[in-house]
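You will see subunit A twice below: alongside subunit B first, and alongside subunit C after that.
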Partner chain A sequence: MGVTEAYREGRDLVVERPAVWLLVLATLYLAVDLAGKLAGVTLTVGGTQLVGGDLAVSTFGRFMKDGLIVGLVVGLAGVGLSMTYSILNFANFAHGDYLTTGAFSGWLAAYVTAFVTLNANVPFGEIFLLNEPALVSIVSTPLAVVVGVVVSAVVTIGSVLLLDRIVYRPMRDKGGISLLIASLGVALALRYVIVIVFSTNTRGLTRTSGVPALDIPAIDGVVPLDAHEVTLVLFAVGLMLGVHLLLQRTKLGKAMRAMADNKDLAQVTGIPTERVVRATWIIGGGLAGVAGFLIVLERGTLNFNLGFRLLLLIFAGVILGGIGSVYGAMGGGIIIGVVSRLSLVWIPSDFARVAAFLVMIVVLLYRPEGLFGGVTTA
Partner chain B sequence: MSQGTGDQRDIEEASVNATNFLTAEDSLLQVEALDAGYGDLQVLEGVDMNVEAGEYVTIVGPNGAGKSTVMKSVFGLTNVMGGTVEFEGEDITGLDPDEIIGLGLGYVPQSDNVFGTLSVRENLEMGAYILDEVPEDRIREVYDRFPILEERSNQKAGTMSGGQQQMLAMGRALMLDPDLLMLDEPSAGLAPDLVDDMFDRIDRINDAGTAVLMVEQNAKEALRRCDRGYVLVQGTNRFMDEGTALLNDEQVRQEFLGG
Partner chain C sequence: MSRVWNAVPDFFKQSDLRMVGGLLLLVYVVYALVNGFFAIVNNAGAVNAVVNSLASITFLMAVYAMMALALNLHWGYTGLFNIGIAGFMAVGVYASAILVAPPSGSPPGLGLPVPVAIVGGVLIAAIIGGIAALPALQLEADYLAIVTVGFSEIIRLTLQASHFAGTVQNPSASGYNVVSIFGVEFGTGGGQGITTISNSPMEFLFEGESGPTVLGQAVYPAADAIGIPEPVVLDLAYAFFLLLVVVSLYYVLLLRIGNSPFGRVLKAIREDDLVARSLGKDTRGFKIKVFMVGCGLMGLGGILWQGSFGFVNPNTFRPILTFYIFTALIVGGAGSNTGSVVGGAVFAAFLFEGPKLAARLIDAVAQLLFGGLPAPNNFYAAVVTLNPIAWLGYLVENVASLKFVFLGAVIVYLMQNRSDGLLGDRKEIASSVDLSQRPERPSAAADGGEPSDTAPSQGGEGS
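This part shows the complex of A and B:
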């Protein structure tokens, strides 16, 4: 009886949801293909290469590492986006530019600190406009990096609170769509204020020479992990852990979860909702600012589009994880980061984002509430 | 509103009764000539209501009469267009809910009244948010009153039954040891065999000295148990008397209690 039932269920599934089977087959094919590539085995049928090929294990390891690092930044930035969504009920399109704000302010502070500590022989104007290339590294000027992280958080929090005061707070009860459109305006305003000061140039800021790297052995080579990447991972993981402890252990964090759960009830329970909203902006904005600073430390380059370009990945991560869930934002961000890098095995890097969004769409088709959906901020 | 002259007389009688019952200065909650609604829509018209210290008062009436709106207005959640709400002699119109709670007024809204994703204990902690420290003695007292909450203290509130959630919601409102507990339809959505138990628990809360203002669909049972009741119709007080007197009133029985 068990066999017949299993057979019938299986047949129903194939008949009723053929897309699921196509998806499973495609995923299996990619997995087999990846295994073949890594093992260096090629299966050719009738002159056509079916699966396999050649991919160094160390290259694969490098993709995974890059993916995890991008994912940590996307996840860190996503926390704030998800929190403002669940507590203020709107998708904040200016969130990406909070990263840009953090990156420029943090790097400016890092540059000034480096200028002072290194006694660099460059005109201060070049320092102030971030035109002097590759001045800061974690090895030569560790203090500048720490100052940069702190200032990126502080300046971003300040800007975010100011923007809340003059734009979002007067519109608090105007509904998600109006706020979303207002946030697009905020995004453009913020971005082009930055352009007015710093121009649209892309600058290289991180000094890579003399930065030690840890070579993680892979079967046929090594996966280098340099000191900047380690710094990023430590800060990102530490901050995520901090958010977790805040939400679970502190009164404020519990109130945030309560407010994300049921705003009206939070109000009649006596939770001072405006204060919780302010705390939400502070935490979300601070994390976004630091994420912006850190991604530049790892990539080395900065331009005014940095945050806006990342915003799409951040949204993808937040939605994939289940919008409104802080842990979903972290998990979803990491998955999006890894997928976008791992896709390089098959497709050129110009299409990496396409792969990330494809995975998001496919997950949402079968789990519309997102991976961690329904456990909002808990 | 065009009403018959008979209705007018009832209202006048009601207000005469009200003045016989008390003098304004010793009321715990005093609502006077309250006009309130949502946006431009006016729901309440000239509602007078009062609750004495330690008293048990219910508001009954047909659907849409504005029973819940009275409570929301006391808490500043509606658009108050006229009249006053005084608590312990202080005008509380325009205060924020967290300030009102600090004065000693607890409120349990109807349904959806627990934070489902928070644990039972966290729900109770939220009830005492305005205090600097979590008041362990108050949590102890709530656990003693509702032992099931202690058993489930680490469970997510959303996974509990309707009756348990209602107890949790009351427990949360009792965290600051309020002088007045406002309950909006505490029996709504409960299995019939739990309704009596819920009313017994409310009796015991009132016996311990907390005044209770309750809105209730289950009008007969509510009037049987309370000290005093109001019958609210179309946003206006129609009758006010002792609970048992209302139960025995011919007109109230025929019009609102189904004979």
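This part shows the complex of A and C:
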């Protein structure tokens, strides 16, 4: 691309979409401001502080780390949401509650495993209802964590397939809005079935003391990374890699990509669409369940609203990455996680979620095809 | 479902008013009987219990009918999938509360008179709605859903933030959080909530500054004589004010909008945005206007509903509130005004309050038969008893959660089998002549395939 051409395109952008240009400027300003803050440089013009200030590099590192960890979970959960969006053509508002299902079932399994392996002296009822505080940690009960991950995936897949069978399958020929409304009903029913079993209590599940932490040196301090966070990162990255291989190397992946692209054409070509739909639910549901389990491992607390609170962030990530794109969902989720934590540099923590939602709305307005643009399930 | 419909006497099917009246009658009879039964079982005053329950169910039916009508303008008429209703209600309630709060209060407000505050609250809700409409211009329905629910969460989180609470009023204190715009100071109350316009909106009719008014002097002793205390009289008066006056006004307004040229464009947008644009209609302008009107109505609904308890906090406006209102509209049938009212009433009386009533009924019957149900205090304790009666007892105990499962199931059922709701499949009349006044045809032959002499003659089918 020649210089003139680039210049002309740039000019067209400024003239035709001034709002986009303003956004670019705002983003650049924030980047410069952040750099100034990190370097401890302040630029003051006419008595008002223009850019810069003071921000410890280690604080920045902590924000980034927290953001990446939330982002990995959001991205992992977003894969399923994005796939159902592109293959079944509806925004599934029950996806957040698939995370909750995974979290409760996985932690129930982890608790029962820990109860057996630790020979804990507590009534089984307390274990079953997850009321015994802080029983599990990756150090004392690694087996429980692994069992929890596996069970969270299996139970969530089972529930998701059952829900598909009774709710969504009879509605395959209906429009996206009908399915969306039905998914709101599914979300509510699922969430409150969980409440009937486990009540609305918030419980602490992971042991916080005695978990080894790795102190990553930053210039003026350290960024602690504990074993639970490492576990989360390993599982999340591993699963993302798995999805990548599945989509690129297997026939199923090819069929999925074909179906996301053009459903009728896929059917004509002899792709068994119902089987692809089932595979979509299996992959999406499994990842959502594991994501729900892992976020609890990192946060330590669990209540019935966990998934629904994350749902909008997941949507934000999926939209950011471009609906239908699996890699976009992963990348978008990570960006949304980082944005929601990094925004704390400028705004009070009350508004962290507000910032993430605003980013989502802005992206929908100015780049509805997503940041990475128009890539579908590839 | 059609069998139930066939069992309804023809009298109630003849007009919308009779249908709604019949539904209200049914609700009142059921609630009066059941609550009277409870009162007798508990040895309480039956009249008071019945009237109290009628007042509260009337209130709920009225507010849901009102909100369903407001939503009908967006979803039913224009096809805009707005699921940020709770946010717009919050704007109305909070704006009116801030306008009316005294400047010296905590949080401080503007100290304006109540009518000004209500109008101001509605206008601000409309303006915020107009801002939210900007995304609506270019988004498809499901994206709009995500944006509006995101918007309502942004509103709720902002109201909840301690940053704008206005509770720390010393400018030199570290947590100073009074919002000051052009010297006007106010606050939202943050997570603690805010005092709303009134906690008893009808009090002024019955009680003056110096004792009861003429109306109060007439009504209070009469009510007292049959065992109804004064607060219940006030509640009942407000509930019927909402049902008879406000819901009627909403209904008429919606009907007028629907039949106006403006409303016809809205319906055209719902059917096909592109066609409406091809016919030279500025659909963007229409969408912004309808968003503003609808959000104003939602704001007003919020003020009359959540603003009537004297106090409100941001948690009231969680997305679940939006879901209730949407369910009410879907039950009734999107697009139909009578359907919205019927949906509001059915939702409030049977879906929202019904499970609670049924649970209390089961409990009371069990009390009579064998001295009460066992009440295990958690799921595990209930399951290990291996006793179905204990399971029932646990479910009755947890009917508040069970209600949501039931609601979710109803929504799924409706979307699968009757996505038009109870009344949503009725035909809209687009022509100036009432085309529904045709005689019934002998068979379902295709249009135009019949001899022409059957068409105009008879008529007189009620519509």
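In this text, the second predicted complex is superposed on the first by the 347 of 378 C-alpha atoms of A that agree within 3 Å, B and C clash if a C-alpha of one lies under 4 Å from a C-alpha of the other, contacts with A are read in each partner's own complex, and residues count from 1 in each chain.
Operating definition for what follows: contacts are C-beta pairs under 8 Å (C-beta built on N, C-alpha and C of every residue); 3 or more make two chains touch, one makes a residue touch a chain.
The structure displayed is predicted, hence computed values, not measured ones.
With both structures placed on the common chain, the touch criterion links A:Met64 to neither subunit B nor subunit C. By the touch criterion defined above, A:Val230 lies against neither subunit B nor subunit C after alignment on the C-alpha atoms of chain A. When the two structures are aligned on the shared chain, A:Val150 is found in touch with neither subunit B nor subunit C.
The partner of subunit A that touches more of its residues, comparing subunit B with subunit C, is C.
In the overlay built on the shared chain, the residue A:Asn262 is in contact with subunit B alone; subunit C does not reach it.
In the three-chain superposition model, subunit A touches subunit B and subunit C at no common residue. Those residues of subunit A that touch subunit B in the shared complex are 251, 254-255, 257-258, 260-262, 264-272, 375-378. Of all residues in subunit A, those touching subunit C in their complex are 90-91, 124-125, 128-129, 167, 170-171, 174, 176-182, 184-193, 195-199, 312, 315-316, 319, 348, 350-351, 353-354, 357-358, 360-361, 364-365, 368. Across the complex, subunit A is touched by residues 75, 77, 96-98, 101-102, 107, 109, 112-118, 122, 125-127, 129-130, 134, 156, 172, 176 of subunit B.
Contacts from subunit C toward subunit A in the complex involve residues 81, 134-135, 138-139, 141-143, 145-147, 149-151, 153-154, 157-158, 160-163, 320, 323, 326, 330, 378-381, 384, 395, 398, 401-405, 407-412, 415-416, 419.
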